[in-house]
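One chain, subunit A, appears in both complexes that follow, with subunit B as partner in the first and subunit C in the second.
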Partner chain A sequence: MANHKDEIKHPFNLTHQASEATRMLRSITDDFPDNPEAMNYFYDLYKKVYCEGVSLHENKKIVGTMCVQVPEELIYASGAVPVRLCNGFYTDDHNGADFMPAKSCSLVKATLGMLDSKSTLPFINRLDDIVLPATCDQKRKAGSMIADMGYSVYDMEVPPVKESEEARIYWRRSIRKFAGELKQITGKKLSKSSLKEAMAKISRAQKAYRKLYELRKQKNSVILGKDVFMVTNAYFFDEIESWTEAVNRLNVELEKRVEEKYSAAQRRAPRLLFTGSPAIFPNLKIPMLIEESGGVIVGDETCSSNRMLYDMVSSDEWHLNAMVDGIADNYLKPCTCPIFTKNDDRKRKLLHMAKEFAAEGVVYQSFSGCQVYSMEQASITKALNDEDIPVLFIESDYSPDDMGQLSTRIEAFIESLKAKRRRNRK
Partner chain B sequence: MKYFAGIDIGSTAIKIALIDEEKKILASRVTPTGSHFRKNAITALETTLSEINISMDDLSYMISTGYGRKLMKESDESVSEITANAIGAIEAGRQHGDIKTIINIGGQDTKAIQIDDMGTVTNFAMNDKCAAGTGKFLDVTAMNLEIELEELGDYHFNIKGAPLPINSTCVVFAESEIIGLLADGHNKEEIVAGIHYSIAKRTVRLAKRVGLEGNVYFDGGPAMNKGLVAAMEDELGKELVIPEHPQITTALGAAVLALEAYYDEMEEE
Partner chain C sequence: MIKNIRKKINNGDLRRFRFWLQIFFFLLFVYGGYLSINLGQNIPTFACGFNSEGQGATCYLIPLQHQLALSSSTLFSMAGIAVLIGFSYFVLWFLVLNKGWCGYACPLGTIQDWITSLRSRLGIPYASYTWEQFKHLKKIKYILLVLMVVIPMGIGAGFFSHDMSTPFCMICPGRTLIPIFTGDFSQLTIDFSSKTKMILTTLGMLITGIFLAGSFFKKRFFCFFCPMSALHFMLSKLAFLKLKKDGSKCTKCGDCYTVCDMQIKEIADDVESKNILQDDCIMCLKCVSACPEEGALEVKFMGIPVFEATVEGYIKRMEKENKNG
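And now, the complex of A and B:
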């Protein structure tokens, strides 16, 4: 069996992945005028990591995570660094197709492809462990394939229901067990002080994110959605403190834009929310098409962005076990992933956000092969339509071959929102 | 007199409509897209303009639509074919009144559009990546059966037995299914009717996703195929509104939008 710590063989910048990243990065930066100065930190970060192969987190243990439900506080407190492995590369989607049935989720295929090819993330060969929450079927079954590639995989149990007391107990036990596993990996036992410090670190990052979230409520859109996805997506792999500083710098610049009444989109650009399967670099094709077609994404409900950073741990008990339980609760209760049996929270959240952000429409992406998002589509659409909010449902994957068709649909949706506005005025 | 043009650059054909300020169609044209579609589009436009003895400079406003809409730099602006189709259907179907649903079958896609009484698109659905049940499907059928596209309607009505069930939804697999049916000794009429029903079923399913209210307007090249129209009406359980020139509805819509955009601008100035 191949060892995953084998050396990478090709010059990094010549891989298909690096050229895919370069192409996307170029269109993210060059196709739009007046990107915020502070975005350069993020553009450069992607360039360093994905195009040039510059490694991060030197001399640190790295724990790869496969879903948003992994409590990162525990990983930091154990002296390791979490890196989210959910991947958006079409090249890797191709590679991963060897492992999965034809009609399966691009994200899972691309993650498997990346772990197999080892040429997307420069520090992929330094993973000390991969934590795989048993969320959707496809991820759940990917675990043993990843283990066969030579990685150490920890299966983290997740209850299929989130409201019941039984689920809560089950989940808390699962998280305590995970804390024990981390000790095995890092050799460091959790302590109250290290956990407190880790919680503070993440909470600073979340505060910076929330500030950015608030800024997007401005009537004048001060930042485009494609840039916010770049910011939140960088949280997957960046050093958390430099990420937080960079977001704070961006917020300062955006506040200036608010004062100057500067708008990043056309003044009357329809305001949209983005929900469903996550937009992960470089698969930002739908957000890009939306904003190239004259819409602006003002908020999102996805696990690569808002769902990952919005909800904060609240713990008023400072005993170690109570702190771990408090953290566990935050990763179950507010989670609006469609893998859970009932998911009315997701409807409530979208309706609430649509009001808060004065959104005029919702774009709902579901990766082909992601059954749960596709199945939830009808009820979410109905809930939003009942409140007079139109929804565009798009089933797509990482392949660029449907761009022509998608641009027609997205443009037509945006045109219909503009027409609706005109009609309501009359 | 003022002239307005709508140009619809589709995957298979370029459609042009020229109108005056009364929205009256002065000239129209349908020509194959080809590979040099920008060049072909300009040539087709110039020919159409010369029919009524005017040139590009005489156009007050032009809007392009269809897959090639963005590459037509000669246009004043572009609009998606869904919006243009809706406006065109309201205009062309005016005498039938109360059009709430539009079904369009094009060269490579099928659309169902729901509109309100002002022609505003309230909902729409489109086939996904695959070309099953589109104009391409009819092309392939005619080619395999070695008959002309225009003859499909006649074959449909000359059927003696029942339409054959065609199970493949993929154009490529349907081709081998047709060859298999021919090899089994089935006649062309039964196969043609079978294909029409197969397309009709798929299309009606798509249209049900947006809702089938009011009068249903059917356009696009395949709407000229009377056999397909009959199969669609059968599946729908109601009569369809078929415009006089089914291929140019979207181009007409673009021309009407061009007229509106022109007068909106005048008002602002």
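And now, the complex of A and C:
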């Protein structure tokens, strides 16, 4: 792609973004004692990428993705690297405000701000294509703005209903078309063996993730939620194989912690699930507040983390079309994104997770201006309340202004969970 | 101890297990006769009786069609009791394996799976039906079942000639193909002794051709149309072996649907039903082995869990697949 901003002002490490990242990273590492050794890989990675502006994926084609529905297997199989562009910087959110109406989603604004910035991350300057699944209104409409900035944008069609057979057919076609687009970009046609290899690569990553997921079911929490968000969030941009290895190393360390009965949180810390709008570095405001207030996040149901890595693809026979169709189904059918018409799958998922993780409460974040998460809120809360699981609904954005008020609410919620536990014990 | 055995089974390689069990049953049903094995003539699967020398058991559809063609006076005499006893044996056999007879024991099913693996080895992709086609085609087996009952009864009542006896066998690819395995090609002919027979045997040859071509491209092509399968389904609620689903654990990931030879959508999409067995299901249990959710799919025998979806098992099998496949 022709570089759309030849007049780059100054290197990334001197930007407001870099100092925002540095501040957050310091908080993540220094505000908590005994971070797992193996987390250093991730802390360093963030430091390199977001504080120092080190480039990634040199000599590779990079395909930016704007939502969790883009099948990364296909991108890897075409010889390119996927990088998820959903962005968590307040500085970018601020800059992106020009593009969107006043009350819009911070994530979309921040992504626009990042893409528009004159001194953005080095790999952003090198994007060969941006794939934009037609999910929520704000993302959808962001597409043409991004195109106007000079990027090449591919609109990937997503059915609004996912239960019907029509949706399946439509989506499978959309994915096959996307495979064609990838060929245009990389010049490499999908082959059975390259796709199989890509599937294996991703499934190794998912296997490592699943292990981590299982480890969080321990009664003694061996890792804090803020760290797991850092791990999964690194999957957005890291080299996948080194990511997998790093997660495996972390798992080994955590297993040791299990044996030693080590607890990363206070022993009585209420166990919480996190759901709703995704927590993306450096906007880990709410997870941090939760764990600073004495709670521990044991699981999450968000597209920056669990939803992105959990569901694994099978194939019956290794034929290209069958593999592509199987992959397609796997990116649509289990997706609990609220842009789809029904809320049932997300409810079921949360109820099941609450049981699996012995969660005592759920924190539901909705970015101010995110309609779909807000609209689903009441029905999800009711389903969970019916099972006697309290929900704290938080509407917030990337600005640090509401920290004080949020921390009061979160502390109160955690206290109420502790009180509830005491009542139940009696 | 039991826990360990369960784990072994849940981590097991279903594909290999099934491959060998199918061979075992194939040998038993197609060559068992040479070892004087005779499991009777009420077997709920296509252990074809036209394979006169080798058969180790006989497909129930032969006696059923014969008995239905008895005149009503015979049926209400002592012979009627024999018919009832025969049916009871059929039911008893069936109850043990449920539709697992199709996934593991039916020689005709096994032949289709062999053809499938030949195709797959040749690198030719399989065909699938669209949902519309599927909905219509799946009715055919019930139509065949009705005809298989009505025509013999018509013979008994004198409406049809005896040339039409065992009408389903006449068009069944089991009759033409299974005897070949013992060197008997005599069924691969057209019977010119009467017009009816000629038509039926010609139809039989035609269907055999369709069977071979169809199952080359479509996995378990014939099973969609099999009247035995329809008959099974009517009794399947009573069977000891059950395919269970716990919808609360299912993420609808669709992996089970992806591997299902019978394109059964409900296996992935239905999160309400506990008993998830559908009429087309052959109980091959591939879905269970492809499901990554702990306990979302489960096989039980008289309430005892025998095989269950687990993450560990899923990953083990997937890694193996990825190496071999």
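We take it that the second predicted complex is superposed on the first by the 417 of 426 C-alpha atoms of A that agree within 3 Å, B and C clash if a C-alpha of one lies under 4 Å from a C-alpha of the other, contacts with A are read in each partner's own complex, and residues count from 1 in each chain.
Convention: a contact is a pair of C-beta atoms (placed from the backbone, for glycine too) under 8 Å apart; a residue touches a chain by one contact, two chains touch by 3 or more.
Model, not experiment: these values are computed from the prediction.
Undergrad: State whether A:D311 touches subunit B only (first), subunit C only (second), both chains, or neither.
TA: A:D311 contacts subunit C only, not subunit B.
Undergrad: Does the superposition put A:K420 against subunit B (first), subunit C (second), both, or neither?
TA: first
Undergrad: Could you say whether A:R409 touches subunit B, subunit C, both of them, or neither, answering first, second, both or neither?
TA: first
Undergrad: Counting residues of subunit A in contact, which comes out ahead: subunit B or subunit C?
TA: The larger set of subunit A residues in touch belongs to C.
Undergrad: Is A:R210 in contact with subunit B, with subunit C, with both, or with neither (first, second, both, neither)?
TA: second
Undergrad: A:G79 contacts which: subunit B (first), subunit C (second), both, neither?
TA: neither
Undergrad: Where on subunit B does subunit A make contact in their complex?
TA: Subunit B reaches subunit A through residues 67, 79-83, 109, 116, 118, 120-124, 126, 128-129.
Undergrad: Would you tell me which residues of subunit A are touching subunit C in their complex?
TA: Touch residues, subunit A against subunit C: 163, 165, 169, 196, 199-200, 203, 207, 210, 214, 310-322, 325-326, 329-330, 333-334, 345, 348-349, 351-352.
Undergrad: Along subunit A, where are the residues that touch subunit B in the complex?
TA: 390, 395, 401-402, 404-405, 408-409, 411-412, 415-416, 419-420, 423
Undergrad: Subunit A touches which residues of subunit C in the complex?
TA: Against subunit A, subunit C makes touches at 120, 123-126, 130-131, 247-259, 261, 265, 268-269, 271, 286, 290, 292, 311, 314-315, 318, 321-322, 325.
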